[in-house]
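Chain naming follows the written order as A, B, C, D and E, and within any one chain the residues start at number 1.
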Amino acid sequence: MSQHLPVLLVAVPLFLAPVAALVGRWKLAWAVAAAGCWWAFAASIMLLRRVMDEGTIHYAMGGWEAPYGIEYRIDLVSAFVALIVAAIGAVVIPYARTSIAKEVSEDRGALFYSAFLLCLSGLLGISVTGDVFNVFVFLEVSSLSAYAMIALGQDRRALTAAFQYLIMGSTGATFIVIGIGLLYVMTGTLNMADLAERLPAVSDNRTIPVAFTFLTVGITLKLALFPLHLWLPNAYTYAPSAVTAFIASTATKVAVYLLLRFFFTVFGAAFAFEQMQLDMVLMPLALVAILGMSLVAIYQENVKRLLAFSSVAQIGYMVLGISFGSVLGVTSGILHLFNHALMKGALFMAMGCVMYSVGSVRIEKMAGLGKVMPWTMAAFVGGGLSLIGVPFTVGFVSKWYLVQAALEQGMWPVAAVVMVGSLMALVYIWKVVEVAYFQAADPDHQIREAPLSMLVPTWVLVLASFYFGIDASTTASIATRAAETLLGVGL
Amino acid sequence: MDDRVILRIGAKILIPFILLFALYVQFHGDYGPGGGFQAGVIFAAAFVLYALVFGLGNAVKVLPPQAVYVCGALGVMIYMGVGFVTMALGGAFLDYNVLAPDPTHGQHYGILAVELGVLVTVFGVMVALFYAFAGRRRLDL
Amino acid sequence: MTGFVDVALLILLAVTGVAIIRQRNLFAAVMLAGIYSLVSAGLFVVMDAVDVAFTEAAVGAGISTVLMLGTLALVGYKEHKPQHTPILPMFVVLVTGGILVYGTSEMPRYGEADNPVHLHVAPHYLEESEHEIHIPNVVTSVLASYRGYDTMGETAVIFAAMVGVLLLLSRGPLPLRVFHKGQWVTLPPGARHEDPPRAGVPEEGDGDG
Amino acid sequence: MSVGLLVGFCVLLPVLGAVLVLVLRNYPNAREAATLLVGAATFYHVLGLLHYIREGARPRLDLLEVVPGVQLAFEVEPLGLVFALVASFLWPVTTLYSIGYMRGHHEENQTRFFFFFAIAIAGALGVAFSANLFTLFAFYEFLTFCTFPLVTHHQTEEAKKAGRIYLGILLSTSVGFQLIAIIWTWQLAGTVEFTEGGILAGTASAGVLGAILILFVFGVGKAAVMPFHRWLPAAMVAPTPVSALLHAVAVVKAGVFTVLKVSLYVFGIDLLATLAATDWLAWAAGATIILGSLVAFKQDNLKARLAYSTISQLSYIVLGALLANEWGIIGGGMHIAMHAFGKITLFFAAGAIMVAAHEKKISRMHGLGRTMPITFAAFFVGSLSIIGLPPAGGSWSKWFLGMGTLEAGQYGLLVVLMLSSLLGLYYLLEVPVKAFFFAPPDDAHHGPGIKEAPLPSLIAIVITASATVAFFFWPDLWHELMTLAVSGGAS
Amino acid sequence: MIDVGLFNYWAVIVLMMVGFYTLIARGNLVKKLIGLNVFQTSVIMMYVTMGKIEGGTAPILVESGEHVVYSNPIPHVLMLTAIVVGVATLALGLSLVVRINEAYGTIEEDAIMDEAL
């Protein structure tokens, strides 16, 4: 059993997806989905512990050794990202039970939870696989289910958002396939470790840089890095609340993981940063994303949209960390990946509570909510503080490492941009807080606090974002070790 | 009206052959081109033909949508089930060697089983997709 | 001989492709897309990929075309005249294509047996599959056994497509739920989707949604 | 209880008080009694620490490692004890005052008021006892956020605007400058622990260190060095007890305390004296002293005048730190205490006038001294202390500061100090003089209802005013502690 | 025999770009999906081209004494998967188009933008 843990992590939720579709009744389907999510959470914790104790775990599918078969190769980075995905899944699923029953009709519950499980297992599959084509397959499993779930939003714009996402996501996936093909044609292998071994011999060939370019652009599309982020704001805004919370905290994170995996494991830092001058491209884009998208977020009137633009900006932070190419930089990227999942999950879930009770997440509808929905709005403030980067929240820890990484390279203007970005976060979060706490509620509206089944998961994430902000040594040391694994130092 | 008669008779003759061909593709996949995926598509094509000629109403009676959905889900479960079985028998996930005392026999059984899973899923999904699109009445604008 | 067929098919494909772009009758475009798939299936046969050809013919020319026609029956046949001059898309496409041409310019030449791609993993399959799996069609043995996990993912992908399509299309129009006077209500069938600013006021349906 | 735990207990006590306030929210008398008791207990325990400091001990409590190498930890040293003693002593006194004020003024949301008040004290003590820059920064920001609900207590449009300025300036300076400075320090020195003699010496060029110093001084927005002073007058929309304790003592002193602490334990006096930036900053502080006084001179609103006076006086302390000699540091540290007692007396008096006579404008206070003699007498004493005249404690700190300028050879700055005191002589003494010696205006509504403020408030005023005088005769405690701080060891 | 050299790749790239252009330049949603389809089919051609060995035969082993050259089976396997993924994406995309048409009454991007305002 325990030696099969790597595959069971992915296979159990994937197997439960058709089960959920078959059971028919939505409550039963929910139970199946919950079982899948919680199993994945438990398994990912066990895996992370094993990786920390024993080092990288290999699992050969079908008993065929790599590079002839597909292998699961779980190092610290994989295990950490899998844990993030599974943890968010485990928290969102009880939340979804109430939220989805309201926002999506109940007769589609079974199919919805099936899609949810598919998305979860797809994302988990990407994070643990050691085979580049397998990445593509699981990417499509997660993407297709994500498109469908996003389209279930009540506003008709959810449909166009999902379509736009589908077009851009498929373009990205096709670019990734082209990149994989070009790598394959030069090396004859699809296994990541094998690729890493064989690439240096042929990296002078023009094909490899082009493969690198296509993979980067393809993943960047999935990642929604500025200026390829156009699908993200609409998708996050109009998707059902639970879906937004889940996708926002996992899908882009897994894309960041892919970026890390390709840059550092497959191509190697030397190729990516010295030969390809990756930092010259990524850093300006990340900086523009941080400043530009935070600015755009300030002017949004729909809070989910505001948070979506903030997500694009936060993705900028992660990419910025990666673009330093140093251990510290990559550490900050991985750390922020975890931290941002926590805080954005909490924020979007709080907005889901508002959607549940108020029926809209436009700012002007949130007047007086501080009084009528104290727990929801307190959760929003908590997540918002983290986004701003106040001490004792996870956002602070991210910023601490990111600024350190910038200063390490003597790039103090970059450090300044990071800080300006968090001040802009203050502006857009405070915009909401002021309306919620300083304006009187409309007495005609009978607004009640969201039900406990939604508040508890929200608060779990809020408290987690405080806990890991106060005691960040676990996450920080895992992230540091993960970064060292990626860069191949300190081992 | 005559056209339709010819069409119906033609279809009635053709459909068994298509199904037969699908089975051939399925089981000959080890020796020539073909396999579960192609066979599934051809199977589905037979039903699509049936539905086109005899009307969706009749097709639904022959093959209720519920059954189609079940097929779509069942195939995935069969495929993954093979993986769980091999695991239970002490091999890795999808390691067919353990399915029979002789590894190559095991491989045969395993490939047969997973191809069956693929067939069932593809058939189910393709027909389900057809039902979904064809069953949606055009809403006049 | 192969070379000639090859080139002829590629030219045919290019012509079809351009015709697809220019064709504004969607019905014709869908048919052309089907032809495109069929011709490419022919090309695959020429290039020894019989399994791929079979699948492409069944899926690209078959299922895809049926699905697209089914869609066209629901949404109409006419494409509007493009309103913008497509300078940006043109630029993006030229740059992408240019990069690809650059990238392929030093690639191993087509069809040579000592290309790296033919030297590493593939020989193992061709040599060992015989006694490891003992079936003649190496594509099947790789598909179902060596890379069987990918194929499992592939079934999951089509299953995901089914789930998605059923979520979107099954059982008539999605019941519309809006927030009205403090609670969520399901609108009667046929009501219009409303934008959020007006979401609180369910109107009588006018039958087009 | 071990000494380390005692330190933690001191910080925790106000939090317990806050919880008690919440629990007893329906019983106002018990609620206030609880605050008073907890306040007294806090002061008692802080005073208990004095004994250890005198023995040369440095009681320390390590809480946890937030990120590897950076700890959340408390360590008591003489300078911190000065601040802690001042804050913890004045808390119960202010509570006493608040009881009279809040009830006399019929304020709403009193529970929230007392709750955040207690929390803010915990923040101030956390700042005082912080063992390193990280802990200091964390509590500094904590203090910003938990005083925000106090500033915006009235929840009016005006309060909202003031809150924006408050949060905006304090956060942008701290996040934009101070945090970068802290991380830069961590980057250079490899530690952020406060250490005798500083940690930065010899780690980088004078230019870089100068830049860090500038970031620190302007990054501590709470020290209100111009041009980052606007938040302080804005915060005056808060109820007067808040202005009194927080914006004359806890918050602003946390700012100047940070500057002193950074000068002493991060840079060290010797390093500071060699930096060119120190001189420029000293002049910036000098400019703030003069400009603050000039603006105060022009204010007719009493609280606004006191606010600008505070800005001016804070820069005395900043200047003391930047003189980079023992005289300056001792003077600055003593001024924390002297100014605190003096200014809180003035604010108490201003609040008392508001409660009793509903008067904010100085020009309309003619003759009020006859009906409120105790209040205005106290105001007079407080003024003397701020100006630096005997028999009030302020004369000592000003004396040391003056000596510091001479020692540093900064005769120009000595002139600045003199000039500012002269201005203070006018703008502070104008109030009691008008109140005692001018006849009331004809249209004044100083009807027969006016009498002294409610008894609890009056007691508080008398306590602080007497303390101000007492410190003239017995300044030994503060002097001793500050001498310990600069000499760095046992007495 | 015409020496194709790299011509094959370049021809495939042209086809790819035809699809890509249709995908990004056209406002009609169905047309976009057709473009995506063409794009993906062309990528499949690229892979298959990689696997071809001149003078080789399909990778179905034959029992014969002499040495037979087989084309590379791996790209074929990968592309079988890619075709399936392609049709899955297409189906989902089309169902979205159907729903968009029901909600907006049009499948032209510009008209949808106007509707949404």
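Everything below uses one rule, namely that contacts are C-beta pairs under 8 Å (C-beta built on N, C-alpha and C of every residue); 3 or more make two chains touch, one makes a residue touch a chain.
All values reported here derive from a predicted model rather than from experimental measurement.
Participant: Starting at subunit A, figure out the least number of steps needed to reach subunit D through touching chains.
Facilitator: Minimum step count, subunit A to subunit D: 1.
Participant: When you check each chain against subunit A and subunit C, which touch both of them?
Facilitator: Looking at subunit C and subunit A together, the chains touching each of them are B, E.
Participant: With centres defined by CA atoms only, which chain is the most remote from subunit D?
Facilitator: Relative to subunit D, the chain with the farthest C-alpha centre is B.
Participant: Using the touch rule from the top, work out which pair, C-E or B-E, shares more C-beta pairs.
Facilitator: Result of the comparison of C-E and B-E: C-E.
Participant: Can you check how far apart subunit C and subunit D are, centre to centre, with Cα atoms defining each centre and the answer in Å?
Facilitator: Chain centres of subunit C and subunit D, defined by C-alpha means, are spaced 68 Å apart.
Participant: Using Cα averages as centroids, what's the distance between subunit A and subunit E in whole Å?
Facilitator: 29
Participant: From the mean C-alpha coordinate of subunit B to that of subunit C, what's the distance rounded to whole Å?
Facilitator: One centre to the other, that is 20 Å.
Participant: Using mean CA coordinates as chain centres, what's the gap between subunit D and subunit E in Å?
Facilitator: For subunit D versus subunit E, the centre distance works out to 70 Å.
Participant: Quick one: which residues in subunit E touch 2 or more of the other chains?
Facilitator: 16, 20, 24, 50, 58, 60, 74-75, 78, 80-81, 84-85, 88-89, 91-92, 94-99, 102-103, 105, 116
Participant: Find every residue in subunit A that makes contact with two or more other chains and list them.
Facilitator: 14, 17-18, 21, 61-62, 114, 133, 137, 140, 144, 147-148, 151, 156-157, 178, 184-185, 190
Participant: Going through subunit B residue by residue, note those that touch at least 2 other chains and give them in order.
Facilitator: 31-33, 37, 69, 72-73, 76, 80, 83, 93-94, 96, 122, 129, 132-133, 136, 139, 141
Participant: Could you please write down every pair of chains that are in touch?
Facilitator: A-B, A-C, A-D, A-E, B-C, B-E, C-E
Participant: For the complex, give me every residue of subunit C touching subunit A.
Facilitator: 99-100, 102-108, 115-122, 124-125, 145-150, 153-154, 156-157, 159-161, 163-168, 170-171, 174-182, 184, 186, 193, 195-197, 199-200
Participant: Spell out the residues on subunit A that touch subunit C in their complex, using ranges where they run on.
Facilitator: Result: residues 14, 17-18, 21, 61-62, 64, 67-70, 102-105, 107-108, 111-112, 114-115, 118, 121-122, 125, 131, 133-134, 137-138, 140-141, 144-145, 147-149, 151-152, 154-157, 178, 182, 184-190, 198, 202, 205-207, 209-211, 213-214, 302, 358-360, 362, 445-447 of subunit A touch subunit C.
Participant: Can you tell me which positions in subunit D touch subunit A when the two form their complex?
Facilitator: Residues of subunit D touching subunit A: 64-68, 70, 72, 134, 137-139, 141-142, 145, 152, 155, 159-160, 163-164, 167-168, 171-172, 175-176, 179-180, 183-184, 186-187.
Participant: For the complex, give me every residue of subunit A touching subunit B.
Facilitator: Interface residues on subunit A, with respect to subunit B: 4, 7, 11, 14-15, 17-19, 21-22, 59-63, 114.
Participant: For the complex, which residues does subunit B have touching subunit C?
Facilitator: Interface residues on subunit B, with respect to subunit C: 25, 29-35, 37-38, 41-42, 44-45, 48, 65, 69, 72-73, 75-76, 79-80, 83, 93-94, 96, 103-104, 107-108, 110-111, 114-115, 117-118, 121-122, 124-126, 128-130, 132-136, 138-139, 141.
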